[in-house]
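Encoded as structure tokens, here's the structure I'll be asking about.
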Amino acid sequence: MIKVGIIGANGFLGLELLRILSIHPKVQIAKILKRENDIEEDFTHLSSLNLNENQTSNINDFKDLDCVFLSLPHGFANEYVKELINKVKIIDLSADYRIDDINSYKEYYKSPFNSDIQNNFDYGFIENNLENIKKSSNIANPGCFALASQLAVLPFHEFIDNISITAITGSSGGGKLPTSKNHHSTRSKDIFSYNINKHRHLAEIFQSFPHLKDDLSFVPLSGPFTRGIYLTAHIRSKENVDSSKINSLLKKTFNDHPFIRIQSQAKLSNVIGSNYCDLSVSIKDENNFVIESCLDNLIKGASGNAVECMNIMFSEDQSLGLKDMLPLYL
Amino acid sequence: MIKVGIIGANGFLGLELLRILSIHPKVQIAKILKRENDIEEDFTHLSSLNLNENQTSNINDFKDLDCVFLSLPHGFANEYVKELINKVKIIDLSADYRIDDINSYKEYYKSPFNSDIQNNFDYGFIENNLENIKKSSNIANPGCFALASQLAVLPFHEFIDNISITAITGSSGGGKLPTSKNHHSTRSKDIFSYNINKHRHLAEIFQSFPHLKDDLSFVPLSGPFTRGIYLTAHIRSKENVDSSKINSLLKKTFNDHPFIRIQSQAKLSNVIGSNYCDLSVSIKDENNFVIESCLDNLIKGASGNAVECMNIMFSEDQSLGLKDMLPLYL
Amino acid sequence: MIKVGIIGANGFLGLELLRILSIHPKVQIAKILKRENDIEEDFTHLSSLNLNENQTSNINDFKDLDCVFLSLPHGFANEYVKELINKVKIIDLSADYRIDDINSYKEYYKSPFNSDIQNNFDYGFIENNLENIKKSSNIANPGCFALASQLAVLPFHEFIDNISITAITGSSGGGKLPTSKNHHSTRSKDIFSYNINKHRHLAEIFQSFPHLKDDLSFVPLSGPFTRGIYLTAHIRSKENVDSSKINSLLKKTFNDHPFIRIQSQAKLSNVIGSNYCDLSVSIKDENNFVIESCLDNLIKGASGNAVECMNIMFSEDQSLGLKDMLPLYL
Amino acid sequence: MIKVGIIGANGFLGLELLRILSIHPKVQIAKILKRENDIEEDFTHLSSLNLNENQTSNINDFKDLDCVFLSLPHGFANEYVKELINKVKIIDLSADYRIDDINSYKEYYKSPFNSDIQNNFDYGFIENNLENIKKSSNIANPGCFALASQLAVLPFHEFIDNISITAITGSSGGGKLPTSKNHHSTRSKDIFSYNINKHRHLAEIFQSFPHLKDDLSFVPLSGPFTRGIYLTAHIRSKENVDSSKINSLLKKTFNDHPFIRIQSQAKLSNVIGSNYCDLSVSIKDENNFVIESCLDNLIKGASGNAVECMNIMFSEDQSLGLKDMLPLYL
């Protein structure tokens, strides 16, 4: 059994970590960092799990575990990571260690940057970085928009001339703090964009695919639903494409990855509640095509991908525990 | 033209007052009390109305108007009412002046009570209190649950032996302050009860129908929608009932009231966006029947009823302006 | 491993059977009856499971399995049950075998009744019928409204003088056939009642608690959400009650049942996606109290309860497989 | 008073025509073509309007009216138009007369084309075609996606090098026929694309802006809401742009049009329930910018624009009746 700890279990991502890890056949949730509220006070629906018993306020209790997940707001991980690093494997769901380049980090995040610690982290983009993750001790898990975008780009990135992405996310993407943006009375019928061509997840996309820096236009939208990201990428290709070329690239890129599915039509309801990311392609002409990707922002877009990383780091089957989370559909 | 002022236009009820009054053929919105934010800052969708121009911070500017609407949180009206009373007609949408009896008020509201001012207010339950409203200078507009309940009770109150009400309201009922209860991520699929048999609107119901005090059980629910109240009342009757008796009571009670409709089946979508309250009855046996009522909590349950009161106070057609707000259906 | 078959896998209940059984550690889904569409054609989100391979059109292929689940529309089970009975254990999710009394069945269902076969079925109300289910070969799984009602009634049924139930269900309760009632454009903001005091699930409630026949008023509502039933029961008691008496009755009734939770406040979001039924009580006075129950209509209200029955019939832990379906919350 | 008739009042667009026309100060709804169901049978929420009285099955009753609106499914208008043309002004909300070019029509619609009648129709893209509409007797009202796209394109079309549009519509866009695509149980959490680069509304866009034929990629999405289209257009410009140039183009194009608003941030909730189309621009660099547009698909995207055309054809104020439909916001 992998003995895991969770720091930051009281938020939406923490909630999903609890859901996933508590049904994982080789995981024992050994410690949860106690926050202001007991975990069962924030999540009364989990009252039957007796999770309060595993809470501790002592960071030292995490040092002899096998793996610690952190899901804290941006900028809060370092306090704990500096205590735990080199003692346990770390998987951090925040943005704090995703970016290698100090200038890029500052451009998007405006805050201090700890190169010494950051250097110890590998970026958890599994489908592009599998071999490094296998050997890694510390993972910076990708952002949800960043992963949905990068999975759409990965098979084709070498011949992208220009790409325009519009991606819409549900209200859970903004976290559990109540704001006017997630007030049900408006959000249940609203759509609006924010941070057009300035969203922080662009730092990750450009790190993975530097040549897109001038050729990507990116619009994130907020929509009237709870879970999921649905992304549409219009791509102009440098090379001629046809369906057989595209299909062979998709196959080559994702064939060994259990949670990437190629569908004739992407549908958000097909992935919600699961770790799947579904992709579909529509060719316009020999130089233009559209690829769409969709995933559950809380699972493949966050906690599910983090557990998939854990499986890989501990040499377990990549899909262990996660393949049992079938899409809800309804 | 009736020159009206609005104090408290920046909330959900104020928004509806603006929507209704700005299309009312005999109303001029002359003054809006300036709050922390300009009205068009809080409601960017109304930017085309140039409402900012009518804002003022000076309460004296309201004293020579014809009618002032107040839609402030509980406990905040008095500061303005004491300045305006006897100078203009007042329609207050808060709970502050609804209750005549000091003990009942204290039981439900726990706060100070100004009898001198409260005595000048008439309760705006139009269908039960029309003659008083015609002559009134100051109206305390009913609460949304209170009105939905009282409209269901009114035709039958004399022979109710026992009544069990379950009423579900949308997220707009809680106002615009973001809280964990109206966070879209949970609220969009949630239902929960609150203040069972202790809801403050019970004070109004018991004031209108004192003999129900021991015979009413009342459960308010919050549901996953924005607008509306749907209310189910199980009634046990002291007298035998049949459909002809019930229909004749409904007709007698509501025949002259343009916004009460008797439907074979109540449906919330049939009233949303309008000032209608739809009622329907299902008879179980000679002593038991169910009456259901539904209304838009922001319109007939608040701002629409307030404007209907204004029409009556100013001897206009009761439905003026309001009958043009047809139900949205979609 | 329990080798199971599913007849009627292409509907909403069948979908949930597939979700639950495919993660059950002691179940192998051996056969699925082929319908007009392949299972993966109706449920493209399950394309990764290769369920099509297990399809067969031959009823004989089900005869040497351990257990067959049927989730067909009302009136269609018999054709298969008469072939399978006494050969495999049967769990039927339709209404066809729930009612022992031919007159009651005819009153509510208007259709033929096969006493010979019906006599072989036990009613799958686990919390009231555990010992019979342990020994049973054929289970008629309760209806969703019926189970939500009976779980609320069970602890108190002996001293109920009068009970008024209002229960609201999501759109999945009506099945997957598109109709005007489940058209998203209206349903997403609608509430309406149907079959007041005539709902077919009343036959089950009255069978379990015959003395309620004259003392229950029952209003089923349809609401603007997908999953779940939230039920409010106003109860007048023949005996005086207080919180200690009520709590001890709740404890006595449900203590050994892993999916019934007593909460200080019932919330639908706390049970969605899980097999839990949450209950909460609010006392009005010594003779009147309110009990609320909520459950996921597709899980504890249907497929989850059916699998719980299977666990019991096969002497497995009652919660096996099911306890890993934690509430989604978001 | 303008005496109008409605043919096709029982659908979603017809419903909005009824809502808008019944509050229009210079319109009398004189005739409604009787369909299979009485209008108040399909729309019980309008029972108070006594619309049934205006129904007729005789097409001749429409010939002496001033203006007839048709809102029929594609392909059904001609039967009525050939009777009415040159007798009354006609405003058709279907696609049947929008396309001048027979080949383009056949490419997208696959059905017969009546050039003789089509030649008598002007395309109701008000902001681009005002002078023709003023003199027109017959209007083909634009499609909802087509209008949202064209309003975004109009100010910039001369220097567009490449444009990628992703536009998401609510469930009302598909009409009232219940289908698996608008079943609430999935649609309330679903997003999916359809007819990528093949949507029929492209015929209108290419007719207005022929040079975009090779340079537009267009993805229509269906989303989990009832009303509205939210459109994102990524534009690469042939000429350098900056905010002053863009703002002056926006002003020049739309200054005289009362329902086009330039907002710092487009928000769908700001236009729902109204005839407004809101636009906002975000500049990426000197050659790339994003323009977003949003509108209520049933109002500015259909029935509201049709009534705006009527106002223009009858020399009334362009916004008469329509400016009183303020956005709902909630």
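Letters A, B, C and D mark the chains as written, and numbering starts fresh at 1 in each.
In this text, a contact is a pair of C-beta atoms (placed from the backbone, for glycine too) under 8 Å apart; a residue touches a chain by one contact, two chains touch by 3 or more.
Everything numeric here is computed off the predicted structure, so don't read it as measured data.
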Count the C-beta contact pairs for A-B and for A-C, then tell me which is higher.
A-C
Could you tell me which chain lies farthest from chain A when each chain's centre is the average position of its Cα atoms?
B
How many angstrom between the C-alpha centroids of chain D and chain A?
39
With centres defined as the mean C-alpha position, give me the chain A-chain B separation in Å.
46
Here the gap between chain A and chain C, centre to centre from mean Cα coordinates and rounded to Å, is 36
Touching two or more other chains, which residues of chain C qualify?
12, 172, 185, 188-189, 224-227, 265, 267, 269, 329-330
Show me the residue ranges of chain B that touch chain D in the complex, using the header's touch definition.
12, 15, 18-19, 22-23, 43-49, 172, 226-227, 258, 261, 263, 265, 267, 269-271, 273-274, 276, 298, 324, 326-330
Parts of chain A lying in touch with chain B, wherever the complex brings them together
12, 170-172, 176, 178-180, 182-185, 187-189, 224-226
Touching residues (chain side chain C, partner chain B) in the complex:
162, 164, 166, 168, 185-186, 188-194, 196-197, 217, 219, 221, 223-228, 230, 232, 234, 236, 265-269, 272, 282, 284, 288, 290, 292, 294, 329-330
